[in-house]
Structures are given as structure tokens and as C-alpha cells.
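Look for chain A in each of the two complexes below; its partner is chain B in the first and chain C in the second.
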Partner chain A sequence: MDFYVLSYSAINGIVVGAMLGGIALGLSLIFGVLRIVNFAHGSFLMLAMYIAFWMQHLAGIDPYLSVLIAAPLMFGIGFFVQAYIIAPLIKRERALVVEPISALLLTAGVYIVVDNLALMSFGPNVRSVTSAIESTTVMLGEYPLNTFRLVAAFAALAMALLVSLWLARTDMGRAIRATALNRDAAAMSGINVPFVYNVTFGLGCAMVAVMGCLIAPFIPLTPNVGLSFGIKSFIVVVLGGIGSITGSLLGGVVIGLFESVAAQFVATPTAAIFSLGLFIVILLVRPQGLMGRK
Partner chain B sequence: MMNKAKSVAARYGTGLMQAVAAVMLTCGSGAALAQSAVKMGCVLPLSGGSASVGNQTKAGVTAAVEQINQAGGIKALGGAKLEAIFGDSQSKADIGVAETERLINREKVSVLCGAFNSAVTFPATEVAERNKTPWIVVGSVKDEITERGYKYTFRINNKATYDAREQIDAIDMLGKETGKQAKRVALFYEGGDWGRSHAANIRKLAAERKLDVVLDEPAPPGQVDFTSQLLKIRASKPDALIVALYTPDQLLFSRQLAEQRLDLPFGLHSAGGGTEDPTFYAAVPAKQVAYYFVQEDWQIDFLDNKSEPLLLNIEKRVRGILGHGMSAYAAQGVSVAYVVQDVLERAKTTDREAIRKALAATDITGGPALFPGYQRIKFDENGQNTFSHGAISQNINGKRRTIWPVDNRGADVKPVWPVPTWSKR
Partner chain C sequence: MKTSISPNVGVATGEAVLPPLMPAATNAGLPMKGVVAVLLLGLLLPVVVHDEFILHSLIMVFYFAYLASAWNLMCGYVGQVSFGHSVFSGIGGYVSVLLLTAAGITPWLGMLVGGVLSAVVAVLIGYPTMRLRGPYFALTTIAFAEIIRIWFENTDTIFGIAIKGAEGLSVPLVGTDWTVFQFESKVPYYYIILVMLAIIVGMTAAMERSRLGACLKAIRGDRDAAESLGINPAKYTLMAYALSAFMTALGGSFYAMFIRYINPERNMGVELSIDMALMSIIGGQGTVIGPLVGALFLAPVAELSRTYLGGQLIGLHLVLYGLVLILAVLYLPKGLVHPLMRPWNVCKAGLARTFQLSKPFGGMSTRENLVVGGLVKNNDRRRSEAKADELLDFLGMSALARTDADDLTAFERRKVELGRALSTEPSLLLMDEVVAGATPQEAMIMVGLIKEIRNQGVTVLIIEHVMKVIMGLSDRVIVMHLGELIANGEPSSVVTQPDVLKAYFGGDYVEAGA
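Let's look at the complex of A and B:
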């Protein structure tokens, strides 16, 4: 095997992995705080991509600028979904079940509704978003790398850093962390738990919206584009450790790197099988994930 | 004794009355039939991964059915209207099968068509066969669909072997025309039924024609990055690349191929799929798909040479539904509707068995049923139209022009072979 090919695929794997990690960040946050498996995560990514598409199509706004619109908008949508769709379920189940499994089914319902609404409203056609940025490749030494992917990967890192800081330093961040640790104790110390949940869910959606706008320039857009990212995100989050911000990025990089390099030795579908095998092995050895706490 | 005779008379009398009633009912339903619609079921991927394709075929069927009904419906059935009832397979086999059962048992359709994805058509035709309902295959190319000894399955379009043969024939022909033969081909295809069967056929033909297959790589659907596969393709140094990918994958792959400026001396040869989808060309910059060779079931510049009002009318209607003009998928939809019309005119009934017989005896040599570019529709004992063929176009100066078969090539068309390197474009 050629060293150049191998190293290039490794670098590319890291870039793609960081991007996957960035997409999984919001899922991890929601998972960690609300203990809810948000099945609709991929659908929210798809919605953000459509926002970027329509912003450009109707108003000529660059997808990178549409982050400023998509993120608050998706925050609102996430806030709404949590407050009016998921919250009643949590309230009803709180006395009996601590981690509502039915919330998983509920979010699966949200996923089906959102995906099909998108199909009905926007049609099945594949679309693409283009950025005003002309240069599509930069040279990293002798390795050509796609600018858009690189931006998405660095944005994932920056976003992880910002969110960690925010969670550590602000009152709201502390409230979120307290709720994640023990929601009853948090409630007793005067934290408005339902509000914290709404904000967390909204924040998770805003984060996936940022990534949605950033990947829109290079991922073709269809109403079911979220599905492949959604499933990858679950793997990344569980692998990295539920609720861990760094774990999410690390999980993404491990999967991306492994699949990219393995694909040089075997066919890609086989590489995907191996990556799931790796996932199972890691979970057998470390059930809490790479960065998760017991 | 008397009592017995009475009861016999009564029994016969009742029998007679029942018979009369039955005859009257039959006549009544016959009269009702003449005015009511003939139902034709179409299972198509209206959502899911192949949704854009399914909706194009639906538009073709819809436009043709409207046209048939405007022209007086099915004359042999007293002007009965043709009614297309659609079932959404969601591009999934199990759902396609369930929809087929619904159309047969609840909607009581007389004839079925669909279902584009070979993986759906294959099990769905089995259901149709069991229920003795004729099925006209639309779009699916998997060979085995018409090679199982089924009596109720018919296919108008190419089967996979034909697609592969045409691609290799074109590569051969261009080599002979210019004296520059391609020697090494790489194969890259979606890992489902269609892609794998296409690749298997190419492998077989390549071995016969002394072409080296230097890479043979399936791809899982819905990938988010093709870099590692492009690296493998680059490393295998092919003269030509043969691909079979659905629209979203084809789009991402084409973009990344252009960004990496991967030079393929004798070009990229696509077996339909994403590259025969008009929405693909709307979503990708023209420069990135220049010189692409596309094998598809529709001659892309067909309407440039013809001005038949029926076809132009359909083109207009399809444009109205979809927002873009005709495509291979829409053309196949038109074709199947007109074949059904032809069959019903000959069968003179909505009975499924009679329709099957009429279908088997089909021999169409003119009219809108040949819209995809065939010269004739006639089925062999397996139900395969042996006269079907596709056309191969090359994207020259931003316009897709037919280059194969040579008979279908316009006078002003000159294939570009070998294709310019990225640095010279």
C-alpha cells in the first residue's frame, strides 16, 4: 500500500470524522441532559440544510451566513418540540420511569412527521447549495483538502470548545449540568428543570443547525438526507460516551478515520461492517464509551 | 308424490329465477363496466431514496393517461376511462409488496406496473404472479425478473445485460472510430441489486472483449464522503470508469471527482441512475459533468428531431407537473400507459387472464408507446421485449447528444474521445 494514499485517507478520515462528531454534538448534549434518544436528530439537520437552501434560493444568502438565521430558528423549533411534544410525556412518566423509553418512540414519530412534511413541501428532488467561496481545495502539504469539509471540521471543534466553556462558566450552563447530574436535586435547589430541558433541546437543535448550514455546500440535499447522518450520530455518541462533548468529537474521529483507512484495504461496505465491529468491541471493553463516566 | 313434484317445480322455478337474475346482473355489470374506469395499478418509489425517479414516472403515466382519456378512452370497452392508481413503495421491498397486494386485492386493478427499484420489482412480481395479475415492469433492469418462467411478468425496457452490453459496445465503437482503444476499466457501483447485477454483466463482457477490470468496488448507499474510493480509483489508473449510482450518491461523487481533478482518459461511463435524472443536472455545475457518457432508456435529443403533436403535448404536461422536461423515467411512464391502452383494445375486457394473453401477443411498431426510442415492442417467451435498447449520450459543449447507436446520432455530433484532461478544460 502506497504511503501517500494511506496518509491522505487518514487525514481525510480525521476531517470527515470531526465533521460527524460536530453533527453528533447536539444529540450528545440532549442525550446527556434529558436522557432522551432524539431520533429526529437527522431530520433537524435536514431542516437546517433546507433553511440554508431556501435562504440562498430566495434571497441569495450564502449558506455560511444563513447560520445566523438557521441557528436561532432551529433553537426555537427545538424549544417548541421539547416544550409541547416531549415535556408532557416526561411529566407523566416521571413518577414511574426515570428514563422514558417512550420518548424514543415519540422522537421517532417526530422524525417521520418532519421527513414526510419536508417531502410534501419541498418534493423529492435532489438539490444543492453553493457557496460564494470559489476555491474548493486547499493544499495541506501535498494533500489536497476540500475547503468546505475543512471549515465544517474546524467549526465542529470551535463549537465544542464554545459549548464546553458556556456550560462551565454561565449560570444557565451550570443549571444544565446540575440537571444532568440529578434532576430532582436540581429542582429542589430552585432550578426550573422544565425550562432547562427546553433550552437544552433548543441548544442541541441550534448546534445541529450550524453543522447543517456548513455541510450544505457539499452534501446533496434530499428530504431523507438526515437518515444516514442520524444513524452515524448515534454510533458516534455512544462510542464517545453519552453526554460527553469531547467524547462526541473523539467518537466521530475514530469512526471516520477507521472507515477511511479500512476502505483502502477492503471494499467500502466491508469497511463499514468492520467499523461497527470495532464499535461493538469498544462497548464490550468500555460500556460507558470512550470518554463516558461510569 | 304430488308434494314432491311441487317441490321439484318450485326448486326449478327458483333455479330459473336465479339464472335470470344472474344474467341480468352480468348484463348490468357489463353495462356499468362500459362507462366505469379500467384500473391500472402502478407501484413506484414516490418517497424514499428513489422518490424523484418515481415521481417522474408517475408524471409520465399521468400525462399519457390523461391524453388517452381525452382521445376517447378505451374504445373496445365502450370508451371506458383508464384510471391509474399509484402505490408508494417508499423504495423498500416489503412496502412495495404490501402495496402490490393492496392494489390487487382491494383496488382490484386489471393490470399492474412498476416498480423502478429492482429490489422491489423482484418480490412484487412474485405476488402478482401468485395472484394471476399481469405486471408490466417499468425501469427495473435486473435480468432475473424476466428469467423465472413467470407468465404474468412483462418488461418493455432493457434488462441489465443489454445496458452493460451497450456500454461496452460504445466503448468498442469509439475505439474503432478513432483508433484509440480503452484497455483498462474500473467499476464503481451502488451495492444494491441493480449495481451488483450491472457490475456482474460488465465483468462477464469485459472478459470476453479482453478489457481489464482494474477495480471492482461497490458503495453503500447514502455515503457522506467518497474520498477514499476516489483514491482507490486513482491508484488503479483506469482508462475509463464505469459507474452505476443513484442520484444523491452520483451527485456527491461527481462533485468530489471534479474537485480532485481525477483524469480519466476515456471518460466516465454511467449506466443511467443519477445521470439520467434531470434534477441531477440542475444540482451540479455543468463543468463538473462535461464529457460524461450516459447510457439510458431514452434518447435525450429525441424531441430535437421529432415534432409529433402527441409527444410535444406530453412533454408540455410533464413539464407542468415536474418543472422540468422529459426524462427516461417519464418516457417509460408514457410508454407503459400506451402499451396498456393497446392491450386493452385487443383484449376487449378487463379480465386479468385475457389481458395477460393480449400482452403476450403484443407487437407495437409505432405510436407513443415507442416514446423511449425503441423501434418495436414484442415480448419473448420470458416476457422480455427483445427490441428494447437504450441510447448513449455524451455531454458535449454543455449539451447532451446521442452518440450511440450510430443510427440515432445527429449529423452535427462528433464524440469527444479521448476526453481532455482537467487542466485543459
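Let's look at the complex of A and C:
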């Protein structure tokens, strides 16, 4: 195998991986704070991509600008979903002992509803979103890189940094971290836990919305585009360690590298098999993930 | 534990007849009758229905009921949610199709081969992953199923046999008779899937009562406790997983033969897995008829929207599925069949109760109170009235037959309530605080009545503090103190136990050697 091809695929893998990490950030945050596997994560990504599509289609707004619309909108949707659909389950969990599997089934229900509402409203046609950015490749030394992917990767890094700072420095961030550590102790310290949950869920959705708008220019859009990204996000989160922001990015990069290099030896779609296999192995031998604590 | 005398310290439970602790079948009778009725009705349907379109829809509904039942064999009873069961239906389908096209082997044999192969795959997947809990197990099953699906989608030949990747295989028409599983009309397919459904429901019912079923339910209830009883969770979980995979593969083979086409997306995709899980969970997983009910409730929605909306509003039925799933998780966590065991059905199964604070129906006469109860077992009002008169006589209340229950004394109200409970012809009668607030004479009357009820063969379970009542009535006494069982046995041996005395009279009394 040619060194150039291999190193090029590695660089591409890192770029794509950072993007995957960015997509998984919201899932990791929600999992870390609420202890809920959000099966609908990919659906929220898909919704954001459609927001970008319609903004461009109807008002000619560039997908990069529609981040400013999609993020607050998806924050609201996430807030609503948590407050009215998931909160009743958590409330019940306090009284009885509910298997965490209920939350998975509940969000699976949200996934089925959202994906198929999108299918009903927008039809099964493949759509594409175009950005005003014209130079689609940037040269990194002798490697040509896709501009859109590069933007998505750097945005993921920036977003991770911002969210880390926000969690570390603001009162709301501290409340979220406290709730993640111990829900009951947080409540006894005067933190409005249900509100923190709503904000966290909203934030997780806003984060995935940002990524949705940024990947829209290079990922063909269909109503079921979310599921595969959702599943990949689970892999990233489990690999990186649940609730860890650094872990999410690192997990993304590992998966991206792994698949990209594997794709040099087998057909591209088959490469996904390796990351799924890695996911299973990680769950079996190091369930706390790369960056997670026991 | 410090003890003090208070009315709630000792609660003795008396029970009149020892041997039958519970009536044999509290929940099996009623729903199973429904299943048999549905299956019999299904048997006759093709005689009336000739429309191929409707028949096709019915076949699909039964097919989903079958798959949901197969899923339930493992997931419902072990309590682990699998979102990867479609892989077994895919393996079953591919094996039977390939054996038919490549080697001319009849699908009847092919589906069994596919089933065995699926069971082997299930054990290979299950062995390392079984110990993962809840969402982790569910996600792992998705990962395994996706690995196999993606592999199939990107593979053109396996051992030189063409499987044509994502494009899938169509099954050529090789004849129209039983041996090749191909027929001109849809009717034979209809009967095949109906029989398969009957088999899996029967199998689930048999498993419920078997050693395997008992062990699985114990593992689901508490893994550690099950292990402490000598149950090896790995062994039984794998057995259930293999069985479930085997049955799922038979369903997958049927589908491939019926549609005469198979591809990885439709036969192995995550969506199919979720459908199986969804129907089983919504109906009530871990029960015999839950998956059947779930599928009969949901699958027609898909078929109706496909038939009447055609290509429009694709996805509508899935939106409804999703909404039903959300509502079920929030409001019916045990599934649709759970309401079948609501109090009114418990009563029909032969269990009656009285309340500590009597609740006779006010505004109805004493006799009417008893007539209402009698209607549970007799649809005929007249027989119910005759029964009521008999009971009034037994209670010594004939003179009060026309009196409004609101105008009775407290003790008379209690007797009416007892009569009402008896009018449902229970085999087990639960009585809460039977003589609370009664005078000594009234208490003796009540004891006499209860003795007579017991002599007529009804098991009576009483919660009571008054020792005289308990000692006079019980064949077995169970003493609870602050939520803990402190004695259980014959009345004469229980009353001499130090713990019981201590609970009743306080530690000082016992130490004083009284």
C-alpha cells in the first residue's frame, strides 16, 4: 500500500472523525446527565438538515447561516421533548424502579415518529443543499481536503471547546455538572433538576443541529439519513466514554481513522463493519470507554 | 428492635382451608379462550374472504404476530430487549431461498436448516454479550445485526453461490405444490402462517409452565436471586435465545417464500427488528398473548394505510406505531394485555374481597347489592336473585332485604358486603379487618358465618388483630410485625412463640416470665 494513499486516508479519517465526534457531542451530554440513551439523536440531526434545506430552498439562506436559526429552534424542540415526553418517565422512575430500557424504548418511539413525519411531509426524495462556498477543496501540503468537511471538523472542535467552557464557568453549566454527578444531592442544593434536564436535552439537540447544518452541504438528505448517524454516534460515545466531551471527539477520531483506513482494504460500506465490531469489543472489554471513569 | 404496644403491632392472618393457597389458574383461562377463538375464526376466514388483497393483508398481520411472538420467547421472558432479531429472519430467508435455487432442496427442509443456523448464530452472539444490561445489550444486538446486514449487502457470492448483495434475490417459480412451498393462490400461505402462529402461541404457553419458563422468569426477576437457587442464567438465557432465533428464522423463510423475493434491507434491517420488538412490547412482553395482541392491534394499521392510502402518506402507520409506543411506555408499561388483569377480571377468576371500611352500594337495597355481585357469574338476573335470597337467609338478613344499604348499621353493612363478595362465587375470599368496631356479640356472629363459608369449601384469608377471632377460625396463622414475618404455623404453636408474645405485649412482659 502506497504511503501517500494511506496517509491521505488517515488525514481524511481524522477530519471525518472530528465531524462524527461533533455529531455525537449532544448524545454524550444527554447520556451523561440524564442517563438516557437517546435513540432519536439521529432524527434531530435529520431535522436540522431539513431546516437548512428549506431555509435555502425558500429563502435562499446559506446552510452555514441557517445554523443561527436551526440551533435555537432545535433547542426548543429538545426542551419540549424532554419536558413533555421524557420527564413523565423520569418522574415515575423516582417512585418505582424503572429499567433504563424504558427510556430507550421511549426515545425509539420519538425516532419512529419524527423520521416518519419527515417522510410524510418531505417525501422519500433525496435532496441536496448547496453552500455559497465555491472552492470545494483546500490543499493541506500535497493533500487536497474537502472544504465542507474541514469546516465541520473545526466547528466540532470549537463547539466542544465552547461547551466545555460553558459547563465549567457558568452557573447553569455547574448546575448541569452537579446534576450529572448526583441528581438527589443537586436537588437538595437548590438546583431545579427538571429544568436542568430540559436545558440539557435542548442543548444536546442544539449541538446536533449545528452539526446538521454544517454537514448538509455534503451529505445527501433523506428522511432516514439520521438512523445511521445515530448508530454511529452511539459507537462514538461508548468508545469515548459516556458524558466525556473530550472522549466524544477522541472516539469520533478513532472511528473515523479506523473506517477510513479500513476502507483502503475493503469496499467503503464494508468498513462500517469494523467500527461496529470495535463497538462490541469495547463494550465487552472496557465498558467505561477510552476516557470514561468506572 | 424496640417494641411497643399499639393496635398495629401484630397483624395475624388466619386462613380457613390449608391446601389450596390460590385457585389454580388466575390468568390462563380467559385470554387463552380468546386466542383459541381468534384462531378458529381465522381458520374459517378464507371460506368467506376471496379478495386476494385482503388475504394478503391478513397473512402479513399473522406474519407479524408470529415474529413478535418469536421475539417474545427470548426478550419477553429474559427481559433483555433485542433490536437485532431481523438478522435471524434474514438468515432463515436466505438459507431456504439459496437451498431451493442452488440445490433444489425443498424450503420445508431449508427453513429448518436456516433455523438451526440462526440458533447457532444466536448462541455465538449471545454468549459474550448476555451479561450486558439494558440499553447496552440492545445496542450490541443492533451492532451485530448491522454487521451481518452490511456484509450481505456488499457481498455478491458466498462460497460461489450468488446472493447479489443489496439487490437481493428473487425466488423463481419452480412449480405450484406443497413440496416447493409455491402455490397459485394465497390461501395455502394463509393456512401455513396461521398454523405457524398457533404453534408458537402453544409453544409459548408450554414454555410458561415448563422448567425453562420458570427459570427464565426467575432470572428476569432477579438475576442474583436466581443464581442463588442454582439456576445458571447463561444456560437458560442462551437456550431461550437459540429457540427464539430458530423460530424467527422460520418466519423469515416463510416471508421469503411468500413474497418470493429477499434482500438484506427488508429482511435484515433494523426497522424489521424494531417492528418485532414494538409489537411485542406494546402488546405485553413476557406474556403468552401479549405479542399476538400487539400485532393484531398494530399490523392492521400498516395494512390498512397501505391498502387505502396507496402510495400517499407513506410513513403514516409508522408515525402511529411510534405514538402508540410512546404512550405505551408512559402509561401502559406492562403492555396492552395488562388491563386484562384489572380487578374486575381478577374477580371473574374467582377472587373476592371485603374492605376494612365497608363499601356496600348506597342507594340500593340490601338484596340489590347481592344481585349485582351474582351477575358476575350468572348472566341471568333471575338466578342471581335466587342466589341473593339464599345468601340473605344465610346472613340472617332476609328481613332487611328491601332496606337501603345506606340505612343499615355498621355491622349490617359489613354483612351485606360479605354477602356481595360471596355472590360472585369466589374460590378465594380476602377479608380485611372483619370485626373492627364490632361488639363482642357481633364478632361471634361473624366468626360463625366465616366458619360456615370455610366449611363450604371457600378459602378465606383474613387480616385481623383480635386474637379470639384468629384463634377461633384459623388453620394457619401468619404473624407480621413492622412489615416482617415473625411467625407462621398452626395457631396453637404460634401464640406461644416468644417473638409473637413480645410483639403483642412488649419485651418487659415476656421478660417478667408471665
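As a working rule, the second predicted complex is superposed on the first by the 280 of 294 C-alpha atoms of A that agree within 3 Å, B and C clash if a C-alpha of one lies under 4 Å from a C-alpha of the other, contacts with A are read in each partner's own complex, and residues count from 1 in each chain.
Here is the rule we go by: a contact is a pair of C-beta atoms (placed from the backbone, for glycine too) under 8 Å apart; a residue touches a chain by one contact, two chains touch by 3 or more.
The structure presented is a predicted model; accordingly, all values stated were derived computationally and were not measured.
Q: Once chain A from each complex is brought into register, does chain C clash with chain B or fit beside it?
A: Clash: chain B and chain C overlap once superposed on chain A.
Q: I'd like to know which partner A:V126 touches here: chain B for first, chain C for second, both or neither.
A: first
Q: Taking the superposition on A as described, I'd like to know which of chain B and chain C A:L162 touches: first, second, both or neither.
A: A:L162 contacts neither chain B nor chain C.
Q: For A:P269, using the defined touch cut-off, is the partner it touches chain B, chain C, both, or neither? Pick first, second, both or neither.
A: In the superposition, A:P269 touches chain B and chain C alike.
Q: Once the shared chain is lined up, is A:P287 touching chain B (first), chain C (second), both, or neither of them?
A: Once the two structures are laid over each other on A, A:P287 reaches chain C alone.
Q: Considering only the touch criterion stated at the top, classify A:L227 as touching first (chain B), second (chain C), both, or neither.
A: both
Q: A:L117 contacts which: chain B (first), chain C (second), both, neither?
A: Touch partner of A:L117: chain C, not chain B.
Q: Quick one: classify A:F218 as touching chain B (first), chain C (second), both or neither.
A: A:F218 contacts chain B only, not chain C.
Q: Taking the superposition on A as described, I'd like to know which of chain B and chain C A:Y8 touches: first, second, both or neither.
A: Once the two structures are laid over each other on A, A:Y8 reaches chain B alone.
Q: On the A-aligned overlay, A:S102 touches which partner chain: chain B = first, chain C = second, or both, or neither?
A: Only chain C; A:S102 stays clear of chain B.
Q: Of the stretches 91-99, 181-189 or 397-405, which one of chain B hits chain C?
A: The stretch that clashes with chain C is 91-99.
Q: Of all the chain A residues, which ones make contact with chain B and with chain C?
A: Residues 116, 119, 124, 223, 227, 267, 269, 272, which sit in both footprints.
Q: Within the complex, which stretch of chain A touches chain B?
A: 2, 5, 8-9, 12-13, 16, 20, 116, 119, 123-128, 130, 136-137, 144, 146, 149, 218-220, 222-225, 227-229, 232, 259-261, 263-264, 267-269, 272
Q: Would you pull the chain C residues touching chain A in the complex into a rising list?
A: So the residues of chain C touching chain A come out as 79, 81, 128-129, 132, 134-136, 138-140, 142-144, 146-147, 150-151, 153-154, 270, 274, 278, 281, 313-316, 318-319, 321-326, 329-330, 333.
Q: So in the complex, the part of chain B that touches chain A is made up of which residues?
A: 46-49, 51-52, 54-55, 191, 217-220, 222-225, 227-229, 231-232, 235, 247-248, 251-252, 255-256, 259-260, 277, 279-280, 282-285
Q: Where on chain A does chain C make contact in their complex?
A: Chain A reaches chain C through residues 37, 85, 88-89, 92, 98-106, 108-117, 119-120, 124, 223, 227, 231, 234-235, 238, 267, 269-270, 272-273, 276-277, 279-280, 283-284, 287.
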